[in-house]
Amino acid sequence: MEKPVLDVRNLAIRYGGASRDAVRGVSFTLGRERLGIVGESGSGKSTVGRAILKLLPSAQITADRMQFEDIDLLKASERDMLKIRGRRMSMILQDPKYSLNPIQRVGRQVAETYMRHFPATKAEARQKTLAMLEAVKIRDPERVHDLYPHEISGGMGQRVMIAMMLLAEPDLVIADEPTSALDVTVRLQVLEILNGLVRDRGIGLIMISHDLNLVRNFCDRVLIMFDGQVVETLNAHELDRAQHPYTRGLLAAQPRIGDRRKMLSVLDRRPEWSQEIAQ
Amino acid sequence: MTVKDTDMPRQAMKMPSSLIVLRNILGFLMRSPTSAFGLIVLGLLIVIAAFAPWIATHDPYAQDLANTLQAPGNGHLFGTDELGRDIFSRLVWGSRISLTIIFLVSIVVGPIGMIVGTTAGYMGGRLDTVMMRITDIFLSFPSLILSLAFVAALGPSLNNAIIAIALTAWPPIARLARAEAMTFRKADYIAAARLQGASDMRIIFKSIMPMCLPSVLIRLTLNMATVILTAAGLGFLGLGAQPPMPEWGAMIATGRRYMIDSWWLVTFPGLAILTVSLAFNLLGDGLRDALDPKQMNRR
Amino acid sequence: MQNARLRLRGASSQATTILITLLGLLVLTFVIGRMMPADPVRAMVGEDATRETYEMVYHQLGLDRPIWEQFLRYLGDVLTGNFGTSIRTGQPVMQDILRAMPATIELATFAILIGAGLGIPLGVTAAVNKDKWQDHLIRVFSLFGHSMPIFWTGMIALIVFYAHLGWVGGSGRMEQFYIGMVDERTGFLLIDSLLAGETDVFWSAINHLILPASLLGYSSSAYITRMTRSFMLDQLGQEYMTTARVKGLSRRQTIWLHAFGNIRVQLVTIVALAYGSLLEGAVLIETVFAWPGFGQYLTSNLIIGDMNAVMTCVLIVGVIFIVLNLISDLLYRTFDPRTK
C-alpha cells in the first residue's frame, strides 16, 4: 500500500474560551483518494479542514499524530506552514462571491498563488494562470483573466477558485462545501471539473459537505461526523450498509425520486452518541 | 409552588422598564475604564456647577489689584489673573456656562434634527429631497466657520454663540435620524400601524422617533464635545461669552497676553476644556458600544 | 451603451445637485451678510459724513431696493467675479483672499500629510488588534487629539517647544528678519524660497511650519484613525482573507496586500474630506501662531464686521467643501471597479 498523504490520529480542537472541545477523537488516513466528511452544520467538519491547514489562530489543536507526507503538522511552525499552504495543500472555499477579493482582477488573484511559491516573472505566471483557467474549462481565459469577480457568474467564480487552489499542484485539497452556494444546474459541472483534475493529478481530496448524495457519488470513502466526533467510516458504495443509527437516520431523511411519497423521517440525535465514542 | 414561580417575573416587570435599561447602560459604561472616566468627570462637572457658590473659594468677579498674576498657592489654588481674580473660582463658575451651552444647544438641536430627519426619511419623495438638500447646504461648511459667520452676523455674545452653534449642529442629527427612519419605514409594524389607520404624524411620533432615539442620543453626546470646543473657540476669538464672564475660552483669550510669564492663566482653563470634551468623547464612544451592538465594529 | 447612458444621467443629476447646493450657499452667505449688525454704509463713508453722502451711498449699494432684487444683484456680482472691496484694506476682497490662501494651503497640506501618516497606520493597527491593549491605547490617543482645544494646545506647545526648549520657530511663517527677502512668485514660501535659492529662509519656514502643522495633523488624525479602523474591520472579516491565507500568504501580507489594498480608495476619499475640515482648525491655529493665512483674514474681518470679506470667505469655504466632496466622489467612482 502506498504511503498515506495525511494521517490524523485522535485530533481534538478547542476554541479559545470554550469549555468543551469542538472536535475530539477524530482519526483517519487519506491516500491519493477522495474522502468525504459529512455532517450537519456545527458538527465540526469545517473546523477539521481548517485545523489541517492550521488556520485556526484562536483554537488549541491537540492530536496523537498529524502527519502530512514528511511533515509533522503538530510541530510545523507558521513559517513552515507558509511554504505548505497553497503549495502542497490548499482549500476550496464555499462561496466565490465572498472568497474572491472583490477589487482585484481574477487573473491576478490566481497568479498570486504561483508568484507566492515559485520564482517566476509576471509573464510566466500569466502563462500558467491562463493554462490553468483553460484546465478548469473556462472558454475564453484571456478575457476572464482581466475581469473582476462581480463580473463573472458563481459557477465560473468557483472554477476560478479551483484554478487558484490547484495551480501550484498541491498533494492535498480540502473542498469545504464547494458547490452549496452554486445553482443546482452548475453544481455537477463544477464537481466534474474538480473530480477530473483531482483524479488526473493524483491529488488527495477531502470533500466537506452536508450532502450525502453528492459525497456518495464523488468520494471513495465517507466519514460521518456528529457533535465533533466521527461516528462511522464507510466506503461510499457501502453507505447503505451503515450500522450507526445516526448515519441510518441521515440516509432515511433523504428524499428519493421514485419512492412512494410518505413523510420523511426526522433526524434522531441522542446525547449518548456523543459519549459512547469518547470512551 | 406555581404561584411563586409566576410571581417572580411579574414583579420584575412592574419595575419601570426604562429604569432597568438605564441601570444596565450605566453598569455597562462603568465596566469600561474609559467610559467610566467620562461618566465620573461629567458627574463631577454637574456637581461643581450645581454647588458652585459653595465650592468656589472667592467671588469670580472680585478684583484684587494688589494681588495680580499670583502663581498657584497662597490661598489661590490655581493662582490669580491679571485683575487679581481667583482662577479656581472662575473655573468653577465657568462650569455653569459650559453646562448651559450644552444644555441649550442639545434641547434645540435634538428635536429639530429628529423632526426634520424622521419626517424626511419617513415621507420620502420630494419633501425628502428638498429637506436633505437644505441639510446638505449646511453640512457643506465646517461647523466652526459657519457659526463664526452667524455670530458675526448676529453680533458677538454668549446667547448668539449658542444660537449660532445650534444653527450649525442640527444637520448631522437630521441626517442620522433620516437614515434610521428609512430603515424602519418599510418594517411590518409600521405597515400594520398604517393599516390600522394611524396618521403619518402619529406614526412618526409614536413609532419612528422612539426607534431613532438611541442613536440620536449617542450622536448628541458625541456632539457635545464638538459643542464645547466650538463654544470655547468662539469665546477665544472674542465672539462668544464676553469678559468679564468666566467662560473658559474667553479666559484663555485674555490670559494669552501673559502666557509666557504666567502660564497658569491659560493652562487651567485649557485643561478644563480638554477634560470635559474628552469626557464627552469617551462617554459617547462607550454609549455607542452599549446601545448599538450592530455597530460595535464602527466607531 | 446603456451603461454609458446611466453614467451620463448620473453625472447630470450630480451637476444639478451641485448647482442647487451652490445656489443655497449664496442664499446663506447673502442672509448672513444682510444680518450683519454693523452698518456697511457707515463703515464706508466714515463717522462724520453728511446725511446726503450717506443716502447716496445707501442708494448706490442698492440697500433701498426690495430684498430679492438685492439678492439678484449679489448673484450677478458673484457671477461676474465682483466680490466687493475690503473696508479695512481697500483692496478687492478676492485679491486679499487669494494672497492669504497659499499660506493656509501650505499649512493644511503639511498637516494632512502628518494626519494621514499618523492616522492610517494607527487605524490599521487598531483594527488588526481589535479589543486588545493596542486598540484601547490608540482609541484614547485619537480621542485625545479630537478633544483638545487646538488654540490652547497651540499656546502650550509654543510655551514648551519655542519659549522653553527652543526646538522650533515661534509665530509667523519665518523669522522676522527674513521677511521680504524672497520674491512672492507662487505665494508658497517653501517653493518661493527654493526658487530664490535662499535655503536659510526655506529652513526657517520649515521650522515655523512644523509645530502648527503637527497640531493640526494630530487633531485631524482622530477622524482618519477611526475611519481606517472601521474600514479595515469590514475587510478583515471577509472570506477572501481566508482565501489569501490558504494561498500561502502570511497574515501580514494578507492585511497589507488584500485588506489594506481594498480600502485605499475609501481612504483617499476620507483624507480629502479631512483636508476640508482642516480649514476649521486653521482658523484658530492661525490666530495663535500669527499665521498670515485665510483663517486670520477671516477672523480679523469678523471682529471689525467687514461684511464683504466675511461673506466671501464663507462662500469660498463652502465652495472648497463642495469641490472636495466632488473630488472624493469622483475618485471613488473612478477607482472602485464595483461602481462601474
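Residue numbering begins at 1 within each chain, and the chains themselves are lettered A, B and C in the order written.
By our rule, a contact is a pair of C-beta atoms (placed from the backbone, for glycine too) under 8 Å apart; a residue touches a chain by one contact, two chains touch by 3 or more.
Chain by chain, the UniProt names read as follows: A = ATP-binding cassette domain-containing protein; C = ABC transporter permease subunit.
Only a predicted model underlies this, so the values are computations on that prediction, with no experimental measurement involved.
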item	value
Chain contact graph, described as a line, ring, star, complete graph or other shape	line
Most extensive contact between chains (C-beta pair count)	B-C
Rounded Å distance, chain A centre to chain C centre (Cα mean)	53
Distance between the centres, which are taken as Cα means, of chain C and chain B, whole angstrom	25
Shared interface positions of chain B, touching two or more other chains	none
Contact footprint of chain C on chain B as seen in their complex	34, 133-134, 136-138, 140-146, 148-155, 225, 229, 232-233, 236-239, 249, 252, 256, 259-260, 263, 266-267, 269-270, 273-274, 277-278, 280-282, 285, 297-299
Contact set on chain C toward chain B in their complex	17, 20-21, 24-25, 28-29, 31-33, 35-37, 136, 139-140, 143-144, 146-149, 151-153, 155-156, 158-159, 163, 226, 229-230, 233-234, 276-277, 279-280, 283-284, 287, 298-299, 302-303, 305, 310, 313-314, 317-318, 321-322, 325
Of chain A, residues touching chain C in the complex	53, 55, 78, 82-87, 90-91, 93-95, 98-104, 109, 112-113, 116-117, 148, 150, 161, 164-165, 168
Residues of chain C touching chain A in the complex	238-240, 242-250, 258, 261-262, 265, 336-338
